[in-house]
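What follows is a pair of complexes built around subunit A, which joins subunit B in one and subunit C in the other.
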Partner chain A sequence: MASPPGSLVIKSILRQDWLGLLLVVVLAIAGLALSQPNFLSSFNIYVLLLGFSLSVLIALAQMVIIAIGQMNLSVGAIGGLAAISFAGLMEVVGLPVPLAALAGLAIGILCGCLNGWITHTTGLSAFIITLATLSIFKGLNLGITEAQPFYDIAPAVKAFGNARMGPIPVMLVAPVIAIIAVWVLMNRTVLGRQMLAVGGNPNAAELSGISIRRAVVAAHAISGLLAALAGMLAVARLQLGQPTIGDDWLIISFAAPVIGGAVLAGGHVSVIGTCLGVVIVTLINNALVLYGIDPFFVQLLLGALILAAVGINRYHEVQEQARRFA
Partner chain B sequence: MSAAEKVLEIHRVSKAFPGVQALDHVDFELGTRQIHALMGENGAGKSTLIKILTGVHQQDTGTLKLRGGEVRFANPRAATVAGISAVHQERNLISRFSIGENIMLERLPAQRGFVDYRKVHAEARRWLDMLGLDLDPRMAVDRLSVAQIQLVEIAKALALEADILLMDEPTASITPYETDHLFALLRQLRDRGVALVFVSHKLEEVFELCDQITILRDGRIACPTRPLKGLNRGDIVRFMIGRDEQGARLGARRTDRDATPALALRGVASPLGHQDLTFDLYKGEILGLYGLVGSGRTELAKVLLGVHPPTAGEVQVEGETVRIKDAATALRRHRIGYVSEDRKAEGLILIHGVGRNIAMTIWSRLTGVLGLLRPGVEADTVMPHIDRLDIRTPSLGQTAMNLSGGNQQKVSVAKWLAAEVSILIIDEPTVGIDVRTKAYLHELIAELANEGRAILLISSDMPEMIALADRILIMQNFRLVGEVANDHDYGRMSEAIMAQIHRGEDEAVAAQ
Partner chain C sequence: MASEAFPASRGVKRYAFGWQSFLASNEVGLLAVIAVFALVFAYANPGFTSPFNLYALSRVLAIDVVIGFSMMVVLVTGGLNLAVGSIAVSAVMVGGYLMQVAGLPIPLAVVLAIAFGTLLGWINGFLTVRMRVHSFIVTLATMSIFFGAMILATQADAFNELPRAFIGFGKERVFGFVSILLFVALAVWLGLMVVFHLTGLGRELLAAGASPAAARISGLRVDRATIICHSLSGGLATLAGLMLTMRNGAALPSMAGHIGSDWLLPAFLAPVLGGTLLTGGVVSVTGTLLGATLVTVLTNGLLQLQIGEFWVQLFLGLVLLLAVTLNSLRRAFTWRPHRAAS
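On to the complex of A and B.
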């Protein structure tokens, strides 16, 4: 097991399962840059990064739930509820921006805790619980807004949504912080380890003195927090408290972590892989626009991509098994 | 008995699993009108052989001949079609289905695609009657007791009306009364021309029922197929364990029984059905807990870990009465660890690395600044344990599923050593583990006790129990029925333990 530290680092990089994805991303960027002169324009990069900002938060919100071996169908509904609450609190109640933002995040955490608490207490599958809460959160959203957007968004929020430094949108700051925080959570904290342990084998984790309830509720709370952050970012970007925010998040939320190598049964996720998954999806979206292909095909391609990603994972798994039993 | 004709021949069959040669060039013959005993210790390869005969596993090399023609069963269905049915050791019923549906599952009577439930239940009724089982076939299986479930399994195997019937420990959890009924039925089947294979640990049953015998040891034939007549108990035990005595070499321990017990139970009852459990476990002692499958041993471990907290009585750790409400409390406050009998389902996180699996119990102790884990700290902490237990792994990141069974078991022990527990409950430590690792684990367990830990050893492997334990408690139907001071003499001890169990059975019958 002894080997010089330098080669160890290289080896550990080579062992990462996201290396292949990185290669795909690099090739895709090179291909697009060569074939589409507009691709590297400052404005196009800005558009790409805006798309990435929102999608990566959505994907991470789902990824922490995949880590514990569950699913969260209500990511979009939580994001939507946090978004309209954020906008509504500013417009109707007149709360200052920071307070409204904190309230939005708190609503996300609260919704997440509710998901986690019900799932753990009832012992039912998170799939069905979050399907129900999806409807509840969406219902609250529609009840509050009567399906009408809040138009009166504070100027500071609008400015934040529009601000850019060259090709880089200022709002990228939020997802970057979130990515680092989730990476640290998953790789360096006891809570993250416990979440992965519960996802990998809840029986073994429990008998090893890990509290399953704590891990499950924490994961859902973090998921809710990230979804709320995504929702409020969407408000800043749209300059509008749109009640439909979150309606189309479901596919990207699963696609990116799965492309990134997450094991849907739980216990293994990759933050870097998930980010690369988001990059790939964002690039595909962008390529369709640049090539002037009907954007309605995005859905179709995304579906095919998910199938390809799980197919590749499964293929590796079967090969691994064959190797072990050889 | 009329003349037997060979119906099934197994020739030089081998089967390997990762890290274990489960069967090594095994020969076996089965004739009609015979009840054939297949014997051996845990891990000898009996269940693997049964699973090859029923198409659950396929042999690596060697041939199977059925009525003279060579066959190979790709799946269980193929074996069923060829007229072989089996009662496996694992339970295979669908718990939400009715008894009748389970019994008739392979060939549900139907009319134009609709299941004919009246016929299902009438047919099932016939097989239940044959076993003397007074159960309503419309009842769901999840409402049955362990013994009733086992009998329904048997009924299901009978209902296939196979001409070869394999039974892997069918009597493990049923009462003597039910056993008598079953044996009478098996004799009838034999006289009708069915070929039967009977796997059991209970020598009395084998002598009572069987005509022929084959004995396996460590995946090889220890005693080739022969008539049972002419063998006595001592011969069979010798064939099974390959030596008259085992384990005296582990050395006796001196335990201070005047000290405060590390763990003491006083009249403990549990929601799982335990009644009036009282015993002391001292530091430096290995206390054996022996009993048949379903007697409540593993369940007791779960009670002590707080998964199912006691409903009555007292649990004392180091002389103080404690309430253990969950496994976290058991580990952190009372330093009780549990090596599960099912390392894949309850011991390890198979998709995680070796290092993480071992460090799982102590993460919260490894944190530094801001509660974060430093990258190297996990490795530094687990390496001494990996070295000490001689765990063969290419790296700490190697996933647990890629280790051999023996190394997996060492990992599940190592995590409790890392957690520095003072009371360790070890449940069936050597099931499915190769001989050399088994001997190593035995030495390790003895060493752990010698270092001052209190060890509660659960095992249904009698030679293992007699080799390791200082005292042996015998559990039956969730009660303690006796205690034997172990002198490590296999013959004497096994007799003493079996006598206690029989007495317990008799008392249970009397109570009914």
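On to the complex of A and C.
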């Protein structure tokens, strides 16, 4: 109480569980910058931020679902469906860009609501439900496109995908807004707290008057929205509506939140931790390229990182328990 | 003694006495649905019952059945194995190397490949047990690791000069219209029936899945059960992979899609349709066989009706959704209070 506010801030920062991650990120950046002069070049930073933009949205889409103690295998399929809808509505129907973008987001929200509603109504594990909807969304995607991309992307979207201010891609705006919004949701709003409560202990949450249905459907809707946003950013970046967008999102979507300290049982997630998790994955990708290492290596490393992160989280948990019972 | 502590009826559906319960069983329902669809397809398209189509169907069916079994054996303990496709591809590439480059005799190469797949499954089981986390996250990580290691080792190159005798085996027909691979699948079915219905090991695995805590208190080695199931899953996934390799005529790194994820849907569809519960402790070996049959008949029939290949995936997703929903409904109807208390 008597300590000045400055030290309180420092103390609260020191108490954050993402501090270790931040240290890792700083060390990695320092190491890469010292060993690879190209690392800090304007173009490389641009490439890094582009990778971060997309990955962080994918990771947040999964993190919101981890918060309620579930999982969403269909993040990639929703992203892909929103992406080809966005591109298709522009090319085939001739919708103006803002309308097509809104429609893409709406499709994401709709898919998410569907996931949430079915999961809650049937009371089945979200794993099997989202495996089924993954196949439904992907089937829709392939049925509509017949596995052919939409090439005719509006110039405005292409320009948005290419625009940069020095080393900063303009499309970074979208993930930055999303990060802030999700942070506010999780830390400052009733809905976010309710979602975490449902994830931590659904029975206790229900007994204290929280509508589980509302929390679950809202979380899935937000997840769908973020996935759709990621899908449309991918269209802007690739400059075409590729039906395969989202096919390889599964691992990264889980890797970043888990590295960031999310507890898969639900009830505890960290937005900043997840962002740092994405930064670490992006840096690893970049380092492999800079050092000329086989890019296939990244698959192996991502898996190992997930295992390591889960192992460390588990170790902390055991220690915490030991301390509590001591 | 073990059979008294864990009566078979707890996990394996006991052979019902009396017609009523027989007709109400999941397997009979599935058989009826399969028969209806088969009749509809045969009526709508005469090509459906042609010897060639039946041969093609039986070949696909054989692979789907074994893929379903590879997931079923982990579902028994309430776990799951996302890495089935990844393990299969990795082990098949090892098998392809042993046959094509190292020139090992085919039976030895096949045995070594299956042993390798079993080892990868063992790693999954070992990590799950040691880290005390759900097999979902462990196998999510290992699916990426196994696939990444395989791609690094092979540089994404296929083995497409496999011995003729190996590829030729997959082309054998019995009675002119049944693929020999289907008999391999039926042999696996028989083996698993024996394990889960007749052996103490099968009962142990089911008891460990039904209630790990209770099983542990009764002195069962739950960790051992988990590791056995994962190892078995790896071995069966490899067998399915080898069968698919015979069908493709080459060992392809892309045969199960990106990090093997294309296998997830068929792997879950067959056991879930067949009535195996995701929560563990309940298994239906014959149900899995029939579930895979339904999926294969549906896919084949729809493709024959010129319904675009891509819409079939959507359809299978709907089938999975319907199946799990029906399963949960049926459980709600058969729910008995005294069971909940026990």
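The working rule: the second predicted complex is superposed on the first by the 321 of 326 C-alpha atoms of A that agree within 3 Å, B and C clash if a C-alpha of one lies under 4 Å from a C-alpha of the other, contacts with A are read in each partner's own complex, and residues count from 1 in each chain.
Definition applied: contacts are C-beta pairs under 8 Å (C-beta built on N, C-alpha and C of every residue); 3 or more make two chains touch, one makes a residue touch a chain.
A quick note: this is a predicted structure, and the numbers were derived from the prediction, not measured.
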Subunit A residues touched by each partner, larger count belonging to subunit B or subunit C: C
Contacts of A:Ile210 with subunit B and subunit C, given as first, second, both or neither: first
Contacts of A:Leu300 with subunit B and subunit C, given as first, second, both or neither: second
First, second, both or neither for A:Val184, with subunit B first and subunit C second: first
Touched partner set for A:Gly139, first subunit B, second subunit C, both or neither: second
Touching partner for A:Ala287 - first (subunit B), second (subunit C), both, neither: neither
Which of subunit B and subunit C A:Leu264 touches, first, second, both or neither: second
First (subunit B), second (subunit C), both or neither touched by A:Asn201: first
Subunit B and subunit C contact sites that coincide on subunit A, given as residue numbers: none
Contacting residues of subunit A [partner subunit B, same complex]: 1, 15, 184, 188-190, 193-194, 196-197, 200-201, 203-211, 263, 267-268, 324-325
Subunit A residues touching subunit C - in the complex, by the definition given at the top: 71, 118, 122-125, 127-129, 131-140, 142-143, 146-147, 247-248, 250-251, 254, 258, 264, 294, 296-304, 306-307, 310-311, 314
Residues on subunit B engaged by subunit A in the complex (per definition of touch): 18, 305, 307, 326-328, 330-332, 338, 340, 345-352, 356, 360-361, 363-364, 367, 371-373, 375, 394-397, 401-402, 415, 419
Residues of subunit C defined as touching subunit A within the complex: 80, 127, 131-134, 136-138, 140-149, 151-152, 155-156, 258-259, 261, 264-265, 268, 272, 278, 308, 310-318, 320-321, 324-325, 328
